[in-house]
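Alright, structures below, take your time with them.
What follows is a pair of complexes built around subunit A, which joins subunit B in one and subunit C in the other.
Here is the complex of A and B:
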């Protein structure tokens, strides 16, 4: 029985030994393979964990890079920035419209700062929400209350969105889900103590505006002329009915006068109202005298209008003759841009001096040569396209009045004096209006048309908007902010000591340095104009709690 | 009749060969088993380490996204409740040896080797570096004072123990305090 096995073994010499050795080798190899596999997986797991941490650190580095960039220049991240660090790469960019889920951002002035990184095949992304405005503009109403006043808002007002008042609030009417924060720790419902840190008044870099205002030179001359060209005259003094053909001797043979009614009646001061056609420019003034001079000499006469000498003329009278009254014209130089001292629409003063002791006057006429022209600094019922101006800037060194105009931007309207915009004036988006004094908007004017087509107003001494509609950023750095009977959409910033809102609907946010007075007004927290890429003097801010890894 | 001559291994040789092979195999298997035990121990340690790392990493990552300490109002020693900037709710809970995470209603185990007898805890540290009592749910007022989270966990598997005690700083907090008007 055993012989066949032995025979087979003898016929396959070494087979058993080889087979058993191979078997052991294969088993060992398989086990080694698994051991190696486990070791590799374990090692990969550890490496993956480390790469995750490195990728996350790098994505945060990307955000830091982005924050530094937008702090210096909010527009510098218009295109993505990439970098390499620690054997990985990051990419950071700003999206003005959508968040990381491609949903619309909550407010127009929010932007998404998105950073993504990649190290060793591990990718991470993180984001922050950035506002174009400082933190205070996240409130519907913020008041630093520098003068330590007390805030009061009765039921005629409505505030939708949180407010912060740095001081005591005596009464306030808030919409549901809106909180009235105060800096007073003992505040009681419905007023809520804000807690620390308190929000701060934003810092405005005024040089953004003052640099431009300090460069204002020249005059704005309307392209529309007004008034009439021609000559107008008026007799301003007629003491002797225009006659002076009777000689009068005062007993001194050397002093004989030619006068109608005696030799007296001399007066060298008279007044007359403006009589040139409205809108005309006074170019030349002639003073016409009819009269007689003391006999026997050359005398000088020098009439003045409002203190400004017209001219000085010699007036000769022959001795001892009863002359008919002579006519003498004293003519001013021609003033193309208008006779400087002439008062339009008002009373003017005419004075004249004569070197003679006595002069008989038949009459005095004021003859004015005028022209149709524009009044510097006044624009009426015209279309102004700022792209037609140098550097797209309309400048006027003085007060600027725009009535019934249609102004299209983008561009600047700068004045060293007050700016008054009235009479249904319409101003398109992208127009920046800066005044070295005050800005007044009235008469159903329209400033901007939407939060994406808005205007920026900066009044160094004050800002007054009444009976109008405005979209944009409104800054008063002077003593007054007055908003009445208007609808305003956007951001209002005031350093004024007096802030008044009456019968106002404000969609956006208002930030004031001092207390403010509200009457029959509605403030609704809403989107503000997006300032991305625009230097307004404000620094952007990060919305707290908006950091998210995804 | 011709006598057949057998060449090759004799029976004795074969038996001896098998015996030697058996001895070698026995030794090898013994060594392999020993090596395997060592490997499995190391693997367990590694797994425990990875599990603890993953748990801490996940907690710290989610805590980075905590949008406001106000949302810690539902947290306590055994529970960490987080709401991120997209209003996603993430709920970490310690249940015996398990650490579970519930994100948007879906619960998954994050770790299953917490030390059974050690008191694993989430600890809350105020801005003054005081530890806040979390035996009950934090009130809204108390939660608003939380500045740091401290994770105090011990992991145990077989003989391996990993003790983790670390602070986590919510990254969002560096950008200021989130208020109701930061929507």
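Here is the complex of A and C:
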């Protein structure tokens, strides 16, 4: 019984088949094991891949939410916004100073729009660089050249940073690493065709400024008043005619007289020098006639000072006897802002227009009621703190002239007329100066002190800066932009038909609707005032190519 | 009807009066006279009155005395009124007021 089993064990036939079968089994088992493992890993990868796509979509959704927010209100992203979507969450915020690597942003007016998302354990982040200015301000110079002129900039000028001119450029002098782009396809070196689409002129919402300017009422009265309040009088005519005395000698009269029929030497024209205290404002003028009453009837008298009728009066009487003294006053209306036509510090004319009964006059006095005051709309050598004004707004309905003043903000200076600032005037940061006409600044004035302490100027009809140092945003929507002998840091925007830069150093960017003329000037692309959270009428833009996932 | 007529008549009189007032000048004249021993007060008054009336021509500011025809001037006077009379010892003082039409004063009574 045992032997057949041993014999079979000793028999080697079928060994090879068995071994190979085992080997194949083992190999197949190993392959099956790895195949199963690969299948598991692949499904995990596929799941991760899908989640990754969802996270990327969500991070872009966050950016989109951020862009919509800053389009309408740039300051609305001052603090982060979070949201949930598709079983994930996103977080979007604006950083004004640092990029995603915590490095400083290239320019002051750039901001980082950063979005983060997390979905199914997958996190993604992305960012955009946004500018608080429209795209054209990313250039050193942009000109829409609406009038189809030719841009020419000789070697006396230098432009550091790219420029775009919508038309032909005849000559240009560019710094290294700066490109002059033109809309002309056949442009040749050093001018480069920009390619399509061409950059567009930014749209400015003027209502930001016109709404405020249309609300201007009242007058600016300087706190530095001068002159005196009171009444001053002067005898301007003391005739010495007639055959008898009229009024008693009271120090003003010499007793004698003249009559309207010519007797005694009557005259309808007289003059007198300004006699009110210097700096005073003439409010009311009284012409006093002292003499006998009219000779039987009514005397109609209308005296005028420098052609301005004081008033018309009638004087009835029947007594024109000697030693008969009476008084007739002709009084003007009260003029708070000064009697029209009165000449300060000069000779004034006094004329009579009269009719009716004959009258004899002993003397004529001019009596002036005056007040200590300032000239409305004029400020000289004074400190103007806008926080002392209602709504921090200095308003003047008319032309406003500020000479040698120190204006501290923040706040507004608004005028319905021209604004002229001169004489080493200093304007602090945060001051916004808007004019319904033109703004002219000269006399070594200082506007703002840095790109973070800057001013905003808006001239509806024009902007003219001469010999000054300025930081801020400068807008001319009228017919003229003229910058001369000045150093300007910031953004210049002009819709004017005539743009002139002469002996100017502009650190920032200039954008014009029409051609511009450069003479001995430097334009250096640089930081602009950060308008984050400020409504200037411009819409923010995305810096092209700034999208990055990290 | 009669009432309306009376009203119109009175109105006319008032308007006429005011017009006449506007065309008249009030004249003022004064005179002093020293009474003699045998002279009566009535005579003195008469002399003093005439003198005061003549002096009125000298008190018109509009015209010098020599430009007035005194006879015409005295004839054209009306409403001669004694304003003040004083007698201080033998010194008589009279002040008169009178009226004259401006048209007469500056017309026929003025020397051409």
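What we mean here is this: the second predicted complex is superposed on the first by the 389 of 550 C-alpha atoms of A that agree within 3 Å, B and C clash if a C-alpha of one lies under 4 Å from a C-alpha of the other, contacts with A are read in each partner's own complex, and residues count from 1 in each chain.
Operating definition for what follows: contacts are C-beta pairs under 8 Å (C-beta built on N, C-alpha and C of every residue); 3 or more make two chains touch, one makes a residue touch a chain.
Nothing here was measured: the structure is a model prediction, and the numbers come from that model.
**Q** Which holds for A:17: it touches subunit B only (first), subunit C only (second), both, or neither?
**A** In the superposed model, A:17 contacts subunit B only, not subunit C.
**Q** More residues of subunit A in touch with subunit C or with subunit B?
**A** The partner making contact with more of subunit A's residues is B.
**Q** Which of the two partners, first being subunit B and second being subunit C, lies in contact with A:26: first, second, both, or neither?
**A** neither
**Q** So in the superposed three-chain picture, is A:545 touching just subunit B, just subunit C, both, or none of them (first/second/both/neither)?
**A** first
**Q** If you stack the two complexes on chain A, which partner ends up touching A:135: first (subunit B), second (subunit C), both, or neither?
**A** first
**Q** A:162 contacts which: subunit B (first), subunit C (second), both, neither?
**A** A:162 contacts subunit B only, not subunit C.
**Q** Do subunit B and subunit C land on any of the same subunit A residues, and which?
**A** none
**Q** Note which residues of subunit A are touching subunit C in the complex, please.
**A** Per the touch definition, subunit A meets subunit C at residues 242-244, 246, 257, 259, 261, 263, 292, 295-298, 316, 318-324, 357-358, 360.
**Q** Touching residues of subunit A toward subunit B in the complex: what are they?
**A** Subunit A residues touching subunit B: 6-7, 9-11, 13-14, 16-17, 20-21, 24, 28, 31, 35, 38, 42, 45-46, 49, 52-53, 56, 60, 101, 106, 128-129, 135, 138-140, 161-162, 179, 181, 194-195, 197, 525, 542-550.
**Q** How about subunit C: which of its residues touch subunit A in the complex?
**A** 21-28, 58-65, 99, 101-102, 106
**Q** Help me check something: in the complex, which residues belonging to subunit B touch subunit A?
**A** 6-9, 11, 14, 17-18, 21, 24-25, 28, 32, 35-36, 39, 43, 46, 50, 53-54, 57, 61, 64-65, 67-68, 84-86, 144, 171-172, 175-183
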